[in-house]
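Labels for the chains are A, B and C, by order of writing; each one numbers its residues from 1.
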């Protein structure tokens, strides 16, 4: 029986979670919300995390009823992500691991998402669509690696949505993507936008610059409402995601899809993916916002898998890295 | 008779004006907004027809086009007898333990010729858009010079001068070869060499872009 | 001797090569006037009857979908055969001229009787069982813009037929 505590803070969410044997005993989180029209920057984000993290650690211990001596391993996000916030959280992880005298494991953020998705949904060997503010990847497990079959060749889909939200000056509370989703639900008129799929990859910078350029004029001339634009953007970029997912499934002969990452919370995306799956006789797995959005528990879960297959991180390698590919990690816990 | 069902279309074997043909029917994707779906389908059918003809003109073998029905979302084209995909051929060569060494060497000349054809394509500013080993057909004796190499599946193709798009074209093929087959990593260089030789004018810029695209994944800042 | 192929469930295409036709101007007038229903093509630009069949099938499809560019099925075939988007030019290019001696006659109908009716108007040698067509390959290559590199990878018929099928989407 392994009990792990996981600390996550690679972007604007800082979270601490505790897992015991596949059971989530605590999953506490705080989000740094920047003013409307602005994105979040490293310094303010790291400051936010510094302010919140000790409180979150305490909260997790209280909620779970687990005392530090019972914890077997401390897990933290090694990367990828934003430098300053990552280091802030890693620092705290190292300190508590030393104080409590526990081993420590650096976890890949993307793999955290995947392993949490697998734990919660109990799916077997899915094609994974990982979509967030910083990532857009189609991943499938093969020969001890989470291999990237397709990805964005420029910006991530979440980034595309977030930046469009800034153009519309939408609130960043609870997240820009959520507010676009709500607007899109009210959209009616469809605007044709550039659709870019290249083999198994997608590109979002073209559609973003196109809609950024057109939006002010389309709205002021009353040809389209902001709701219509959100609707059109979602319908187009989500269709692109579903298409590359379907291609990957065809390629790998897979009958399962798992969506992870913050953008995975989007109900319309789940709807569209589900339609595609049903037509192919495949099954869609998704988690809710507790686990879709960056959280500490997912780091603990991936950490547990690594720990149980014999991995720990030596003290001098307790570092962070902003760029950390999903396929760099040797997946020792799966055959 | 249904031959294959891909992510995008159903492929049937049939007859067109007395000739054996395949019917490529792009079905409606219900998850897409209907306007988007109809627009995309039409664009892809047109792109496919355009590329088939332009490739022939550029000296690249493609199936003969017999007819198009936009309303039915169908393309009718030549049925190619005894065709194997490059994917199958490489897999067989790699898994074939009967002829252990030297067996894989016949792949070299084939890849060279493929490099030449892609060079021709890009010289004529034709971007394939989905260059995987499933979209290259081989007909005939794999060891013979008369082996026919046929390119198919041009739905995502475009006419573009951009070195970036050409680089991505090559990148897709490289990924397809490396991820699907356990060939030595430098195998792709055989294609690139022949490509550069054929496409003298523009290939160096394309290869630079290819390097950029390759490292982009490794360099991208992944936040969130 | 007579090439025939079904274009759809009701219509069949019949194609015949006639040699030494003595009354081409007369028959042409009858076609233009509408008293005979057929199209008469220059043999030099026809590689193989399949070429005509592809153009004819396209014409029938366009007629069904109300998308014809010309006024009749037969002028539509002539238009489809040509790479040009100019209808008049296409008719002149591919249609028989008064000075031609041989002619390719095409009839779309339900049975061969309809073909016989049309052929009865022509004064020419009796159609024999020899080689069906008299293509002028260099003329065809010029007309369809087919160059050396292409002939390495495609048969002449394949190149021509593909262009006819893709005409609406490609400008070469």
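Quick note on the criterion: a residue touches a chain if its C-beta (ideal position, glycine included) is under 8 Å from a C-beta of that chain, and two chains touch if they have at least 3 such contacts.
These numbers come from a predicted model, not from an experiment.
Student: Mind having a look at which chain is the central one, using mean CA positions?
Tutor: B
Student: Tell me the chain pair with the top count of C-beta pairs in contact.
Tutor: Summing C-beta contacts for every pairing gives the maximum at A-B.
Student: Just the number, please: Cα centre separation of chain B and chain C in whole Å.
Tutor: 34
Student: When the C-alpha atoms of chain A and chain C are each averaged to a single point, how far apart are the two points in Å?
Tutor: Their C-alpha centroids are separated by 62 Å.
Student: If you average the CA atoms of chain A and of chain B, how many Å lie between those two points?
Tutor: Inter-chain centre distance comes to 33 Å.
Student: So in the complex, the part of chain A that touches chain B is made up of which residues?
Tutor: Within the complex, chain A contacts chain B at residues 10-12, 80-82, 109-110, 132-135, 147-149, 151, 153-154, 156, 158-159, 190, 192, 195, 197-201, 235-236, 239, 242-243, 246-247, 249-250, 262, 271-273, 275-276, 279, 294, 322-325.
Student: Where on chain C does chain B make contact in their complex?
Tutor: Answer in residue numbers: 5, 7, 50, 53-54, 57-58, 61, 65, 145-147, 149-150, 152-155, 157-159, 161-163, 165-166, 168-170, 172.
Student: Over in the complex, which chain B residues touch chain C? Could you list them?
Tutor: On the chain B side, the touching residues are 16-19, 46, 49-50, 52-54, 56-62, 64-69, 71, 76, 78, 120.
Student: Considering only the defined contacts, which chain B positions touch chain A in the complex?
Tutor: 6-7, 29-33, 35-36, 39-40, 129-132, 156, 165, 168, 172, 175-176, 179, 213, 216-224
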